Amino acid sequence: MADKINRVVLAYSGGLDTSVILKWLQTEYQCEVVTFTADLGQGEELEPARKKAELMGVKPEHIFIDDLREEFVKDYVFPMMRANALYEGLYLLGTSIARPLIAKRQIEIAKMVGADAVSHGATGKGNDQVRFELGYYALQPDIKVIAPWREWDLTSRTALIDFAEKNQIPVPKDKRGESPFSTDANLLHTSSEGKVLEDPWEEVPDYVFSRTVNPEDAPDQPEIITVDFEGGDAVAINGEGLSPATLLAKLNDLGRTHGIGRLDLVENRFVGMKSRGMYETPGGTILHAAHRAIEQVTLDRGAAHLKDELMPRYAELLYNGFWFSPEREMLQAAIDHSQTKVTGTVRLKLYKGGVHVIGRKSPYSLYSEKVVTFEDDQGAYDQRDAAGFIKLNALRLRLLGRRDR
Amino acid sequence: MADKINRVVLAYSGGLDTSVILKWLQTEYQCEVVTFTADLGQGEELEPARKKAELMGVKPEHIFIDDLREEFVKDYVFPMMRANALYEGLYLLGTSIARPLIAKRQIEIAKMVGADAVSHGATGKGNDQVRFELGYYALQPDIKVIAPWREWDLTSRTALIDFAEKNQIPVPKDKRGESPFSTDANLLHTSSEGKVLEDPWEEVPDYVFSRTVNPEDAPDQPEIITVDFEGGDAVAINGEGLSPATLLAKLNDLGRTHGIGRLDLVENRFVGMKSRGMYETPGGTILHAAHRAIEQVTLDRGAAHLKDELMPRYAELLYNGFWFSPEREMLQAAIDHSQTKVTGTVRLKLYKGGVHVIGRKSPYSLYSEKVVTFEDDQGAYDQRDAAGFIKLNALRLRLLGRRDR
Amino acid sequence: MADKINRVVLAYSGGLDTSVILKWLQTEYQCEVVTFTADLGQGEELEPARKKAELMGVKPEHIFIDDLREEFVKDYVFPMMRANALYEGLYLLGTSIARPLIAKRQIEIAKMVGADAVSHGATGKGNDQVRFELGYYALQPDIKVIAPWREWDLTSRTALIDFAEKNQIPVPKDKRGESPFSTDANLLHTSSEGKVLEDPWEEVPDYVFSRTVNPEDAPDQPEIITVDFEGGDAVAINGEGLSPATLLAKLNDLGRTHGIGRLDLVENRFVGMKSRGMYETPGGTILHAAHRAIEQVTLDRGAAHLKDELMPRYAELLYNGFWFSPEREMLQAAIDHSQTKVTGTVRLKLYKGGVHVIGRKSPYSLYSEKVVTFEDDQGAYDQRDAAGFIKLNALRLRLLGRRDR
Amino acid sequence: MADKINRVVLAYSGGLDTSVILKWLQTEYQCEVVTFTADLGQGEELEPARKKAELMGVKPEHIFIDDLREEFVKDYVFPMMRANALYEGLYLLGTSIARPLIAKRQIEIAKMVGADAVSHGATGKGNDQVRFELGYYALQPDIKVIAPWREWDLTSRTALIDFAEKNQIPVPKDKRGESPFSTDANLLHTSSEGKVLEDPWEEVPDYVFSRTVNPEDAPDQPEIITVDFEGGDAVAINGEGLSPATLLAKLNDLGRTHGIGRLDLVENRFVGMKSRGMYETPGGTILHAAHRAIEQVTLDRGAAHLKDELMPRYAELLYNGFWFSPEREMLQAAIDHSQTKVTGTVRLKLYKGGVHVIGRKSPYSLYSEKVVTFEDDQGAYDQRDAAGFIKLNALRLRLLGRRDR
């Protein structure tokens, strides 16, 4: 806290914690606070954040509330979906992918208002602090970063609430006690972790879920939908063209109804520990399955296998917060190069928590019934070629076998 | 066909096609045929194969019928499961993993009976010919290989049936017409492809499935099970210790009941074309999910991520038929090294086609509630360490940002 | 040879072998032959090829002689150099990189003259047949390919010379006997293999080398040069701006003088066998060292390490003939993305077979003396950050250590 | 410094810096210091270290001086050589590979003497602090680590020397002024960095080199040697069997004489900055070339290419200090699996800074003159197989070409 800060841009949700941070920054750093509240589709009213900020003395022209939903899906979620990214084989990276955009916008605002610092409400044990701060530093190397949770002494819930009350920050009733778990939400997913989820042997209680119905309560009738893709990105549901954010919202509705996209995961954090989380990614889960399906008919094997081999690295980079890094951009360049003809339609059946691909077609299909058929293929493929193919693939193994036996 | 063959070991199912091959080998090559029929859990009676072989003049001591189920699961399926292998992100490799064992046993028999050739019934368009033959050549580099489907002129169903009838080979009624699809089965899975499946836009008809109920017809009540692991391999279901093959059979029963493990896939064959298949892998699907779950608490991040990065290559090698290759063995050595402490119990909920992990525990758990907790961790983790961690991870990005801006 | 061919474009060097092929194609296929002779800097007169072709009845308008040197270096050698490509750790891929361009031009000519086939003089044991033909098929999927060495019965030197003499093809005196080795040359390298090189324990005889002096005969004084790069490509030697091909030629002169770029290698061919070759890549060896050196100061670590991990795959693709494949293009997209700021100057000392980097500088250098210095860095780097960095990197290892001990 | 330390094991060289640390630990932490001095072949007398330690009051039974040369080469250098490890394409990791052994021995001593802490003399900007401390924590998760350079205020040379003089620590004359560069040495290499090397455009001055003659001063006659390998490790030079450490020492003599193994490198440190170093690795450079050469004839392509793809990751792990990590051990398991038959003899020519492989042979050679020969191979290889091999490799590219054109 040695550095003198004049003006700081805070990623401000309007909730209790970031309100306390707002006040703490004003008090502790004696600096001007600029608030930035992003609509990433988390499903909360944002105008209350404005009022709270005003009440705490933030100048109206220093209150930024931006609807970033379309940018979020178009420039972050979709590129990631092109990669079929899954962290540790399962996680669709719903939190990770939102952080770079928030960081980017915060830095833009910092430049606009001439701020010398940025601040966020992520704790010192999690990945989000890393993701925010790597983004800040990559985009504005000389920015100062204030991470109150690593600095202050408000380390217990009681201390936090005491601070709030002393400073006339309203404390909602349900925040008085310990919350049984904590959440993060955006248009792609809701994550829940902590407290009641901390024993990975215990099933996640039903009240933790907020974005999906329990598969057991989902309709008894499956629903069949189509998703259209163009150049690797989804563009229509059931034939209806939709913008990126509205398309994802539509898939979220479908996923919610059918109980799709719940994931109970113990994962490895970048900061070195394991944590247990519950993720709900209703629309993203459908999108992921659909994208793989359309790639099945439109991607060449060489491209598909290279993508599969690069994917874990790509997912790790996103998870660890390296969106704005040369290596992520290089991988993205490779991935995007493969997507030009990833165009066509996928049919899926949604049922009781499951997404089942049941058909795919494309004007650019590489699937050739003529070649693959068990029937007479009229010379499209000469089976005798296979003999030579096998003989030469076997040659090194035969030389090896002769040596080793 | 220039080479003179004296004795050939045929992978013989007892079905129409390999019976025709048996006769064709006797006729065409004027050689003695030794039959080998493996029980890999495909669920068919094998004794009829003995009778048919005898009828076609195979000497009793040249008829080999082996129950390889335990070896199959223990030495092939389980090592592959340790790798979390998925071909093209989705396919559990049920056909691929059976071929090396058949090839190995065929070569063993060839050595025992002094045969100079082996033969199989795989077609010239598929992957199985490659898998069989790479196995043969790796294990016995100088063996001769006869692949009738690439050699003969019985290229239509009619020609095949004519040949059978001329040679007193009984033709079952349901083989007279074209089969609407073809299948391969073993303890791990059943695959179906061809004919009615050849249009990847058309949903797979219900009559294609043989190993699983339709999820829509599965019980309305979920079933909760546990799977115990020791050193990376499953050893018990619901606390009951089972041998590898009986364990997989038990999981198959559970999977069948709950409609688990259906996969409609368009995949890339090693021989260069795309094909569409329907796979049913009931027990394997449960096992895969359970193995990932127990690894979540027992594998270190470094090991887990390395495994994830190596997996696509490993799966590709299996799919392409390179089980008996130095590079597969090298990858296996790396994977197996990681599995010593992959021991513990996973709880899963089976419901309407879905496998949902709901808990995992291990005596070797690396998950530390004490470190990860949102509560006071009593010094287990110093949040201030994160500041330095981020600063040094950011350093190169900051230097880059300064240069590029 | 069942297919009726009307017109074939032959990759024609003008030498004995391809002259025999020319005649053989005319005779055997009763088709019109179009010749294509490329100047890739192999250092031979090309006009004699025209005369020979004419003598054998090729129509003047069907004789194509193209100077492809600039295209070769700019669009093939340089992109490969950006990747730092080395096959099996050592080989600069001088033959591999020339084949795609020849194939591409052959297909262009085939389209221009309405040919239905192409032909080349590569043997059936080597990699070049694969590289040519994969190029042909990728660029013109329905082209017919004639590979005389795999078809004809001129399998001995005597038979070939007999055929030549019977057909009035002049046989140079030095071709009458068996050549002690065979070579391939272009602006990037000369390769030699076969005969006297076939025992990998025997040192390569001095008379095999044609592009470099023996290091022992090189000047006793080192020579210091500079190479300038822009966006990943070399643009000047000793400050003199040069076109791609003239630059490489200049480096070849320097390398020849100083005995640089000899490589005695046993390598693994794509067709499954090991072969022993001697490569001379004088200019390319200097270029490779210089490119790595300029990357050292201009590439971020993330980009550099990703490049190093992708490189072996990239090199394998080139070696195996997959230049025109989606996966090579994807990798190239990633690599090229990293090269924007790979600009600056490298100083090298050439001496007795060695290339020694002795300095590098760049307007886009990421090397920061201020940060790295042992002296007081005035706050550019806070050494205490390292403590947290290490602690969090160690956390997983400590948790592991606690479990395992 | 809050923690109370009772006894600390210091990695003690006997030089000025670690002598100051010794005293500082005694003073600052009021704790007992145990010294550990390792002979890793750095070429210095170690007994003086004993005397200095005694003078500063270390108990005789708390002074550990161990000759670790054989263990160093056998268990650290050789496994790394099996991997052909090169960091950033060029660096043989001479410093990185020594750190884990020192850390391991320090922890062993800490257990023996009941110490609760360990300490080292690495600075806060370098990689060595990370390597030491990751080793400590992996092997003894609860150890306390004291890194004086990150803690104390002796940040200038003057302060350090003042402290020494105040505490009766003898200051050698040549340490009074600033050293023009700093070095690290062991049996594998000597590294130099800092001060006069800090401008990467300036050539390294001649006086920096200590392990090799200038190539220009090396003998005018080349020297030919042989290296024998067994199971991947070198066992003899010129036919004379030698223990690991004596073998490496012998190669160092040869390398020194011929000016082999100098490397001027700008590298990327794990802590995020670029640094410029000069490395001399005379014997290691010869060993690396020889190992690749023996692998050329004894390793199958599949194994060789997998090794090449894994190598950059392996080298990065070593460089970053993760020797004692599950992922390094997994990679080592894979690598070691490949080395069983890496046995045979390599001939090399050493000349003026260059190492030139001129021959290799092995009882387990996979090189087959019979298969590869240009002469009649008597049916060892059927050239017509290549047609089918190419056709099936081309199939996907043709399908792609048809779609895209």
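For clarity, chains are labelled A, B, C and D in written order, and residue numbers in each chain start from 1.
Methods note: contacts are C-beta pairs under 8 Å (C-beta built on N, C-alpha and C of every residue); 3 or more make two chains touch, one makes a residue touch a chain.
Note that the structure is a prediction, hence the values are computed from the model and not measured.
Repeating the A-D interface with over half of its contact pairs identical by residue number, the matching pair from A-B, A-C or B-C is B-C.
C-beta contact counts were set side by side for B-D and C-D; C-D has more. Annotation: 40 Å between the Cα-based centres of chain B and chain C. Computed centre separation for the pair chain C/chain D is 32 angstrom, with centres defined by C-alpha atoms. Between the Cα centres of chain B and chain D there is a gap of 42 Å. Within chain C, residues 268, 271-274, 300-302, 305, 313, 325-326, 365-366, 368, 371, 381, 384, 386-387, 389, 392-397, 399-400 each touch two or more of the remaining chains.
The touching residues of chain D, when paired with chain C in their complex, are 84, 88-90, 123-125, 129-130, 133-134, 137-142, 147, 149-150, 155-156, 182, 194-195, 198-204, 215-216, 220, 222, 262, 264-268, 271-276, 292-293, 296-297, 300-301, 304-305, 308-309, 311-313, 316, 324-326, 347, 351-354, 356-361, 366-369, 371-374, 376, 381, 383-384, 386-387, 389-390, 393-394, 397-402, 405.
Contact residues on chain C toward chain B in their complex (touch as defined above): 300-302, 341, 364-366, 368, 371, 381-382, 384-389, 391-393, 395-397, 399-400, 403-404.
On the side of chain B, the complex with chain D involves touching residues 268, 271-274, 299-300, 302-303, 305-307, 313, 322, 325-327, 329-331, 333-338, 392-396, 399.
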